[in-house]
Structures are given as structure tokens and as C-alpha cells.
Amino acid sequence: ADGASDGKVKIGILNDQSGVYADFGGKSSVEAAQMAVEDFGGKVLDSPIEIVDADHQNKPDIASNIARQWYDTEQVDAIMELTTSSVALAVQAIGKEKKKIDIVTGAATTDLTGKACSPYGFHWAYDTHALAVGTGGALVKQGGDSWFFLTADYAFGYSLEQQTSDFVKANGGNVIGSVRHPLASQDFSSFLLQAQSSGAKVVGLANAGLDTSNAIKQAAEFGITQGGQRLAALLFTLADVHGLGLEAAQGLTLTEGYYWNRDDESRAFGKKFFDRTGKMPNMIHAGTYSAVLQYLKAIQKAGTDDTDAVAKQLHEMPVDDVFGRGGTVGPNGRMIHDMYLLQVKKPDESKEAWDYFDVLATIPGKDAYIDPAKSGCDLVK
Amino acid sequence: MTMIFGIPVQALLGQLLIGLINGSFYALLSLGLAIIFGLLRIINFAHGAQYMLGAFVAYLMLAYGGIGYWPALILAPLAVGLFGAVVERLFLRRLYGLDPLYGLLFTFGMALAIEGTFRYLYGSSGQPYATPSALAGGTNLGFMFLPIYRGWVVVMSLVVCIGTWLLIEKTKLGAYLRAATENAVLVQVFGVNVPVLLTLTYALGAGLAAFAGVLAAPVYQVSPLMGSNIIIVVFAVVVVGGMGSIMGAIVTGYVLGVAEGLTKVFYPEASNIVIFVIMAIVLLVRPAGLFGRDA
Amino acid sequence: MVALLEVRGLNAWYGESHILHGVDMYVGEGETVTILGRNGVGKTTTLRTITGIVRARRGKISFAGADMMQVPLHKTAHKGIGFVPEERGIFSTLSVSENLLLPPVVAEGGMNLDEIYELFPNLYERRASAGTKLSGGEQQMLAIARVLRTGVKMLLLDEPTEGLAPVIVQRIGEVLRKLKERGMTILLVEQNFRFASRIADRFYLMDHGQMVTEFPVGELPQRMDTLHSVLGV
Amino acid sequence: MAVPATETNATPRVVLSARGLRRDFGGFTAVKNVDLDVYDASVHALIGPNGAGKTTVFNLLTKFLQPTHGTITLMGTDITRTSPDKVARMGLVRSFQISAVFPHLSVLDNVRVALQRPNNLSTQFWRPVSALDRLNDRAEELLANVGLSKERDHIAADLSYGRKRVLEIATTLALDPKVLLLDEPMAGMGQEDVSVVSAIIREVARVRAVLMVEHNLSVVADICQQVTVLQRGEILAEGDYASVSQDPRVREAYMGTEES
Amino acid sequence: MTDITETIRAEKSRTALSVQAGFLIIGLLLLLLAPFFFYPIFLMKLLCFALFACAFNLLLGYTGLLSFGHATFFGGAAYFTAYTVKTWGVPPELGILIGVAGAALLGLVMGYIAIRRQGIYFAMITLALSQMFFFFCLQAEFTEGEDGIQSVPRGHLFGFIDLNNSTSMYYFVLAVFVIGMLLIWRFIHSPFGMILKSIRENENRAISLGYSVARYKLGAFVMSAALAGLAGALKSLVFQFATLTDVAWQMSGEVILMTLLGGIGTLIGPIFGAGLVVTLQNYLATSEFPVTIITGVVFMICVLIFRRGIVGEFYASWIGRKLGFVYRR
């Protein structure tokens, strides 16, 4: 069966386009996918490539409904992005059952390539482990050796805290204390006071989205950074920094898999993306671009869009694009690539719009990601 | 250092103060809710959205009009109040006399629509808003570092709450308002222009929410979601206080703010539900709420 | 006599149901007129339509020369009409004195507080308590007292004696007579025929949304038969 | 119908009694020191000027309000601390000063709702409504007694005021109460209805105790055996109508000097 | 005279009955044939939400209690079923029963607290309590946080019907749905339902007739919760996961929207409402329109000019009345 099965290669971008994670990926991810298609030439194996997208509204049932319909009746060949772990896990399970490819760039959980791994499922941009290694490990090496955690009080927060502490300790640092705050707390001052009085050098924010933004903003108010403590956000991207403003965010440390202003190549992609969307890409956008591109390359190489053949290529082919330079894909579906430890600039150091980060360190992919053999994925023997 | 339950007294004082700051927002918001409910018999689900609007208007004024915090403190509530007036004139007016649940549902829809619009236009990660320079920095109170701005929030909310209470309980205008809730037609027959009164009332409630929003802008991230996060808690505050009295709404706001603050120290995991737990207990013991009149 | 209130061909509806079918009546300046009629014939509706509460109406209402059909509800009082509703309409969230002071004064010549309290000592006693904590009779007094302050030219009273003790009924009768002496124009709706007969100058008898007959108090003895058959008195 | 129980007894039986009843509202005492005995098979009137505390006494007796002091006994059982629905189940049923029907149910259904509980047909959620059809005969009988047969399928809200009160009485009687408390049953009624209701009350009181608040003195004179006059929350006079109405204090406080 | 009116009335209700029966049969036929025309998972979702909305309406439409916390029962049952089926390996039918029982228990607790207040207070209290339950689910171990309980096996019904086959799953869901609807119907038209109705009409009067109003309300609340749980339990098997979205307050809002759209207090209205909302959400997912804004605006429009909902408007319309339907609220 050579060529595209139905005369067309269709890729679905399924993510949150109107809810809390809309800035994380959102419509801009669809744009990134479109860019990849154009950069690839618009056709693969002489068949046109089509991008479809849907807003899952952060509801797994809607996502699941759409994913099934896409796979079953609309000849969608692969589904990508998949922000929010509940959605990603649900869609990956469907892909596994229906033998269809999914590439996750939006969700963070390591389960996707661990106990919930699928022969057709790939995890592309980042995961909680990589964030923990980046921020936890690398920061200790920079002198941040005592930590206090502000942790969102649910599984995601615990696992971020847990994984990060491990790397802090493994690198010779120690964890002085932690406090768990409820999800969507508006006010962090109580917790920040506790962090302040702990005297830790680094205050780790094991939470996400608005919670992190609010904590950072209020930390500035209470003079945490002026007092010599360092803030480290464990899941925070360029888009969030933009929303917070440099005034409040300055000095913050975080880890991303991509930064547009890192070198010429990334700058070129960033500018192109900016012209189309009005914002600079973060690792989810760039990751989605990379995922689509690699998927098309895999079809090209396999000479067919048959799932097994393409999945085989995806596992074997090295990744080499603006996002996943020198990346490889593990047997569990994990795309392994370098991560960057970034620090937010002071307002007067920022030379242009969106010039937000200093790159403090590069974390090699093999350090950043779990060794597939130890991932708990039963595809790895 | 003196300790209470293993916590230094000083830290405790600090946390009490912080609780009071939180309580300031609860008080302002539950006050507005209570006024609107008291006079219009509408549970204003859009109250959170109006709080958010206040913050956003302040942000937009700054970003697009160069209008700073101080003018915004007056202008944003006015703008949102005006918006409220329009909403009341066009829509809410048609719901008077119906089962109050329709008012609840309408404002619920309105909250979704407003929030959705802002999310659509400005994303959900929020917008920056700096503390006005006159109130930047902080003082060391000995037991804690108090950002000056936070102190300002407490003072302002107290002033506004008490002012509003006096307006409603002690003035003729307030008497009209209270009478109109019970029997608008009759008050109108007596020669009072009730429709205008009701419009003003809703505008006042919305304006109060917006005022809280502007106060919050330098502290919390200005985000389309900031309202929906807080509104449910404020509902609980209102239930605990009981809808009977304006004063009840204010006092309960502060008290529960402090209660929540203390929970954050002793048992932080429960701090988001402590108000709900208090609500359940109060309901079991005193169904009308702490200050409620109707048993 | 100059007609202060004049109603011609008045029709009124509650939703789909047509209640008033062409009411014609007038009340002269300083006159006391009573509308009699069985339950549900539209007496209350007549008053509510005159004040403008019922707005689904057609016909002609003029008061002191003004066309009341065009006047918005909140201007009725300012034209000089005071209304005491059947259900009394005391505000529970207001104290007795707040209730009393609520209606805006629309013209000179109303009573002052002292006069009112003199007339209704009960109200003085309970002035600080909540309006609806009063008993039924006390509430009725409050409802009447309330409009006396405002200086209106004409009172519309809807069954002021319903549910009241005989002494109170007498007292209210005295009050109304006093008001009449001061020149107040009164339109009264009553079921209590005996009470009405002691203060009214003229009667309308209402049935099926129309005034079926009209007669001065002097003709009362001749009309007893009609009243018997229509009212079952 | 129940067997007339007391006719053979020489002394009439007290079914409802209150001792030292008092109720404060804030600083204001609405009812104080009220002792009341209601006898079986009689009509007892509670009269008094407006604000005397009549409705409050009703609320206390039926437990819609809690007394500040005093005890209430219903057929030998102390009900001072019993809940209002329980009291109703024990046979003490009231009507309200403002008419109380279920406005959007049919007249027949209004009565059937009342019949459901004594017939143990109120909690069955697994049976069809037609299970209630066996209450129809009794319901129709009750409606016939009060002259509402013609309106049985009307929606209660459509009835005139007077008819609503009549319906309310029929509903109350459906419970076959031992003691009936009626708050101004004739208020706002036309003359025809007044006579109908008087007759009904007289009839039902043959085997029950009725306590009623009423301002229509001719009705009181006509059907009440016992009269208690309340003033400012206290009992001013007690006895049969003739003696009470001669009492100068009652004439001054309540009835006034002229006949009205 | 009365005889004639009575015959007319009887005549009318007879046509009404046959018309209604006709509709019912057509509806059932459509549902039986639907999987041949529509995507089964979509239909199953629709049925689950329809049942959920009808359960909710049982409380709102027939006892006048607006619960803003019904997601608790829907989502709670979803979690219980998903957990027991996945972790304990109980068969699907037992899993569903456990979910329903759990929801009923939650209903008992929430109801016990909430029925102390009426009207909008009741709404606010249920909202607050369900928010509490949301936080519980967020933090509890067994719900697996924001990942949710994933990959729940559908298993074999009664040990021999393979529910992984989407057709058999569909007919299973349809059967449960029909049973649920019958229960609701029976419940509304029962002696108990009659008392509920009278309580809604005049609570004080009901008390004075000797009914312990609180207990009746609580009973209705628990039944509504149990049926909502049935819908949630079913949904967790259909989609094979249970997640936080099912217990979030937005879900409570959605079910209100469904009921409002379809017609509060009509037996079948919520089915239409659910159908519309589910379709709309699916449609909006792939359109340019922002979902929340549309949802919000639909809410506003409904309340302002469409209060009776689709079915209610139909009943109240000329044709509806001709066919013998009554809409009264």
C-alpha cells in the first residue's frame, strides 16, 4: 500500500482554544502546524496535506468524541498537540485501540511514555521530568542549593515537587520545606511569607498557569527576590512571562525546550511565527511545528501513510529541525532533545519586544528525559 | 519567641493581617452582592465578571489611554457601573417579578459571555498591572513585611463598606431602595421613580465589584478568570452572613477572610474549603446565617 | 359640583382576561364616593386602573384637568392622587416611622407627624418596630396615615375596614369624616355597607366590570331592594 | 365519619389547653399569661382588637412559633416542643389568615393531597397517581359538604376569594382533625359564603373542637359557645357571647359603642 | 351541562393521550434506529446527558429546587464506577450500581445541609458544596488528579454481552436510559410526586396538613442525585474515563442550560436540551466561534425570551394546545 491511503494526509490539531490553556498552545499551535505543512511543501507522496483543528474546551469527553470521529469517519491520520493530561491520555488510549498516531506536545505527564505508553503515541515537546531536571538540577549547580516549595495541592503539583526535589538532592542541594496551596488560590501572601521566613535560597513554584503568575507577582510585592531569594517556576513558558510583564517576572528561573532568541535559526523561525500570530512561539508552538514536520518526513520516508510504517519511521528517524535539533525518539515514544534553563531579564536589559530570557544552561536531552528503559513503558524490553 | 500551637506569635500576627486583606475583597464583593440581591432579588452571578471587568478596565485605560491607577480607581467603577446600568435597563428589568432563579441564570450566562469575550480577546494568562508608585514598597512592621499597597487595600475597603452601609441604612434614598424591593409598584404609586432607582442599585453593585477589581489589579494577575475563581467563595460568604443585613455581609467578609488566612498557616491544604466547611456548619446550627433575619 | 376625577368608557385587562367593560364615573371635588359590589366584580381593578398600576387599559381618565392616561406611574402621586391598597402594602424592612415618612410630599397641606400620631396613637407606640410586625389593624392605620402626610387632593381607599375590629372600624370612620371636613376628596371601595353608608355622599354599584347604578346617600332607603339583590346584604 | 365521642360524657372534655403562654418579639411581648381551654364538640371564638395577639396565639398553639414560656397540651400530650407537621399529624390543624390553597392544583386534588397522608399514600413513589383514585369518593363527599362539587375540576387559583376559603376548610376537614383552628375564616367573604361557612363550622363542631378568630360578631354570636377576648396579649374576658358582650371593658376595648 | 363538559374533557385527554403515545413510539423507534445513521459514541453521550438533565429536572421542575451542584452526583458516580470497574474489576452492571449508590449517598449528605434554605440560597449552597467535592476529587488519591481515571474497561454485561462492541454498548445505554426515564415518569406521577407538587405550590399549607416538608424534599433530592449518578456512571463506561470536568461547577451550569433550553418542568424537554447542547459543543469545537461566549449568550437569550424552552414553547403553542398538551409553571 504505497502513497496516502485516501489520497490525502490529514492531521488534526486538538487542543484548548478558548479556556485556561489557550495561551499555552491554542490557535497559534494550529498556525505552527500550518507552517510546518508549508515548509514541507504542502504535499507528501503527491497527496495534499490538510490540517484540521478543534477546541476540546478542556473536556475529555468532547476530545474523545472528536478524536474518534476524526479517526473513524474523517480519515484523520494523526492527532497532535493535546493540551491537558486528561485529554492526552484519553486520546492516546483511543489511538492505541484504533491503531492511529498521536503526538502530544501540550501535556506534561510522563505517564504518556510510561505506564500509558502506546506504540503509536509520541510525546514531543517536554514533560514534568525534563522540567524538574532542568530547573531543579541545573539551578543547584548555579548555587541555588536550598529549596522551599510552593506546591499546587494535586497530583500534578506533587509529582513536579517530588521529581524536582530528587534532582535538587541528587545534585547536593537540600529541601528545607514546602507548603501546599489549593488550586486557583488568588492570594499567595501567606505561603510566600512562609517561604520567606524559611530562608531558602530558591523558592520553587510547583504549580501552573495563573497560580504561578499570581505567586510570582505577589513575591515581587513582598520583596522576596529583593531579599536575595530566587524564584524558580517549574512549568512556565514565554507566553506566561509575557502576560506577567518583566517588572514582576524579572529574575525568575524556568526551563523550556525552546527559546526563540537563542540563535539565528530559532530567531528566524520566531520572526516568521510572529508575523503570522502576533506573538513569539513557546516550546509548545515550536514543538507542534516540529512534530508535524517530522510526521510528514516519516510518511515521505516510509512511502506510505500506513500507521505501523510511519510509527516505525518516527521511532527510528533522528529529529533535526529548529526545535528538536539532534533529537532522537525512544521506543516508548519519547522525543529526547535538549532543554534550556532560562532566566527572565530585568526590564532594562530587554532590548526588544519579547526579548525576555537569558539562557543560563543547556540540559542535554539524555539527562533531561527518563531513560526509556526505566520509563515503565511495557513496549521497552 | 512566644509560640502558639507551634507557630511564632509574630508569624501569626502577620497571617492575621494578611487574612484581613483577603477579607477586604470578600467584604467588598459580598456587600455588592447583598445590595443587588436585597433590592433586586437577583443573585448576581456576573458579580465576579464585573470584578474582573473593573481590573481589566483599569488595565485597558493604562495600556491604551495612559490613564493611571488613581483616575482608574474612580473611572473604572463608573464605567462598569454604567455597563451595569445598561444591562439592567435592557435585560434584568424584564426578569423582575419572575422566579428569582431566572435572574441567577441570566447573570450566569452573562458571566460566561463576558469572561469568554475577554478570554477570546486577551487570552487567559493575564495582563500585568503595576502597583502605583506612591504605594509601592513596604514597611517592616517588626513581625512582618507589609507592602504598603496591602494596607491601602484594607483602609479603602473599610471606608467604602462603611460608606455604603450608611447610604443604605441611614438615608432616605436607602429607605426608598428597601421599600422598592418589597413592593416596587406601590413605591412608584407614591411618586418615586423606581425604575431609575433599580438601575442605580445595580450600577452601584456592579461599581462596587469593579472597585474591588481595580484594588486587586496590582495584587493579582489581571486575568479573565479572576472573577470566576472568587465568586463561589463569595457566595459562601454571603450564605454564612445571611442576606438579611448589609452589615452582616461586610462583617462576615472580613471574618471569613481571617479564618481562611489562619487555615493557610495551620492546615494549608484545607484553606480553599474552609469557608465551605464553615458554611455547612453555620447552616446546620443557624440556617438563616449569622446575621440573617428570615428564619 | 366640579368633577375632580372623571372616568369615561374605561376598559382594563389582566393579560387575556377583560375585567373592566366601560366604567363611567366621576367624583366631585370634596365629595366622598363609595363603590359597592360583590367579590370579584372589578372594584379593586377600577382603583388600580385609575392609579395606573394596571396599564392594559383603554378609555378616558382625567384628574384635575389632566389626562391621566398618559401619566407615568410615578407621576400619579404628583398629580394629587393617594392610594391605600387592599393588601395595605406595609414595608417589612422599614420601621413604622420609616414607612410613614416614605411617600414623598407632593403638595402643601398634608398633615404633619404630630397630627398623625395623635390620630393613631398605636402607631406612635410602635413607631420603631418593623412595619409588618404590626397587626392587621395597625397596618391598615399605617397605610392610611402614610398618604395623609403627602398633601394629595384625593384618596383612593380599597376596603379599609377589611378584617378590622369594630372599634377600629369606628375610628377609621371618624378619621375619614375628619378628612372630609378638611375638604379631602375620597373614593372608597367597600363591602361593609353599613360603614360606607355613614360616610359616603354618593354610591356606585358595580357588577361585571361596569357601574350598574349610581345614587346619592339620600336615596338609600329606596335602593335597598336593588342592593339586596346585587349584594345579598 | 368518626363516632361522636363526647355526647355521652357528662362534662365536656378539654382537648387543647394552654397554660401561662407567653411570646416575646425582641423587647415586645405579643402574648402573655394566656390560659386557654378548648372543649371538644364546641366552637370557641378568640376575639379582640387588631394586634391583640390572636394570630400569634394561633401560631403558638400550632407550633409555627415557639412560646417563650408556658405549656401546651393536646389531648393529654404535651406538645410544647413538637414540630408543626407533627402537631398536625396529631390532629391539630389550622387555616391561615391569608387564604392557603395549592393554587395550581385542581379543587379535587387540593382535597386529595390532604387525604393522602391519613391514608398512607404520601410516600409511595413507585405507584401510579391512579392509586389516589380511591380517595375520590371521600374527596367528593367533602366537596359536596361545602358546596364545591360543581367546581371540582377547576384550578384552585381560578376560584373567587370566598370559594378559596371554603376549599381551604374542606381541605382541612379532610384530615379529620380533632381540633380545628380557623383564622378569620369569613374575612373578605360575601354574605352567601358567610352563611355557608357558618353552617359548615357548626356542623363540624358537633364532633370536634373548633377555635376560631373572627371579627364578624354576628357569626360569633351565632355559632360560638365560648368566647375569649384578648387585649394587648392578655385575656380580658371569657365566657359565652352574651356575658362577654355585656362586659363594659370588652365594649370599650373591642366592640365600641355603636353597632357596626 | 356538566355532563357535556366532562365528555369534552375526556375526549380531549383521550386524543392527547394517543398523540402523546404516538410521539413516544416514534421517539423510541428513532432511538432504536439512530446508530445506523449517527455516530454511536455521540448518541451515547447524548443519552447520558439527556438522562442527567432529566434527573436534574426532576428536582428543579417538580419540586422547584434549583441545584447548582448536580455535577457532584454525575461526576461522583462516574468516579466510583470507573474506579471499581478498573481497580476492583467488578462487572459493569455492578459498577453502575455502586456509582448510583455513591451518588445517592452524596445526595443525602448535600441535601441534608442544603434543604435548610430555599430558593436561590439553595442554589448557592449546593454550588458551594459541590465546589468542595470538586476540591476533594482534585486532591484525593483514587481520582488520579487532573489525569483522571483513564482506560476503564467496559467489560462484559452480565458476563456475556461484550460492551466493547459499540453497537451493544449503545443498546445497553439506550436500555438504561429508557429505564431511567420510566423511573422518572413513575416518580413524577406518583402519590409522592403529588405531595412534592403541593409543597412547591404552598409550603406552609403542606406543613399544616402534616407533611414534613424537609423529608419530602430530601427524598426528591436523593432520587434526583441517584438518577444523575446513573447517567454519570454510564458515561464513564461509554468514554472509559472519569475526569475532573465531570465534577466541575461548569458541568452543573451545563445541565441547567440543557434543562432550561428544553423546558423546565416538562418530562422530555431536557432530552432536547441535552441534544442541542451536546451538538452545539461538538459543532463549536471545530468552528471559529468561542464556545463560552456562545454558551453564555444562549443562556441569556433563553432566560429573556424563551423561558419555557423548546418543548415548553411547543406545549404552550397553538398546535401544542390543540394536541392536548398543557404547560403550566
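To keep things simple, chains are lettered A, B, C, D and E as they appear, and every chain counts its residues starting from 1.
Note that a contact is a pair of C-beta atoms (placed from the backbone, for glycine too) under 8 Å apart; a residue touches a chain by one contact, two chains touch by 3 or more.
Remember, predicted model here, so these are calculated numbers, not experimental data.
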Components of the interchain contact network lacking chain C: one piece
Contact distance in steps, from chain A to chain C: 2
Co-neighbours of chain E and chain A - touch as defined: B
Farthest chain relative to chain B (centres taken as mean CA coordinates): D
Selected pair, greater C-beta contact count between B-C and D-E: D-E
Rounded Å distance between chain A and chain B, as computed from the means of their C-alpha atoms: 37
Centre distance in Å when chain A and chain D are each reduced to the mean of their C-alpha atoms: 75
Distance from the mean Cα position of chain E to that of chain C, given in whole angstrom: 51
Mean-CA-position distance for chain D and chain B (Å): 48
Where chain B touches two or more other chains at once, by residue number: 116, 119-120, 269, 272-273
Interface hub residues of chain C, defined as touching at least two other chains: none
Residue list for chain A, restricted to those that touch at least two other chains: 18-19, 153, 182-183
Chain-chain contacts as defined at top: A-B, A-E, B-C, B-E, C-D, D-E
Contact set on chain B toward chain A in their complex: 11, 14-15, 18-19, 21-22, 116, 119-120, 123-128, 130-131, 138, 144-145, 147, 149-150, 218-221, 223, 225-226, 229-230, 261, 264-265, 268-269, 271-273
Chain E to chain A touching residues, read off their complex: 39, 41-42, 45, 135, 138-139, 144-148, 150-151, 235, 239-241, 243-245, 281-282, 284-286, 290-292
Complex interface listing, chain A residues touching chain E: 17-19, 52-62, 64-66, 68-69, 72-73, 84-86, 89-90, 93, 109, 111, 116, 153-156, 182-183
In the complex, chain E residues that touch chain D: 2, 9, 186-187, 189-195, 197-198, 201-202, 204-213, 219, 223, 328
Sites on chain E touched by chain B in the complex: 66, 113-114, 116-117, 119-121, 123-125, 127-129, 131-132, 135-136, 139, 249, 253, 256, 260, 290-300, 302-304, 307
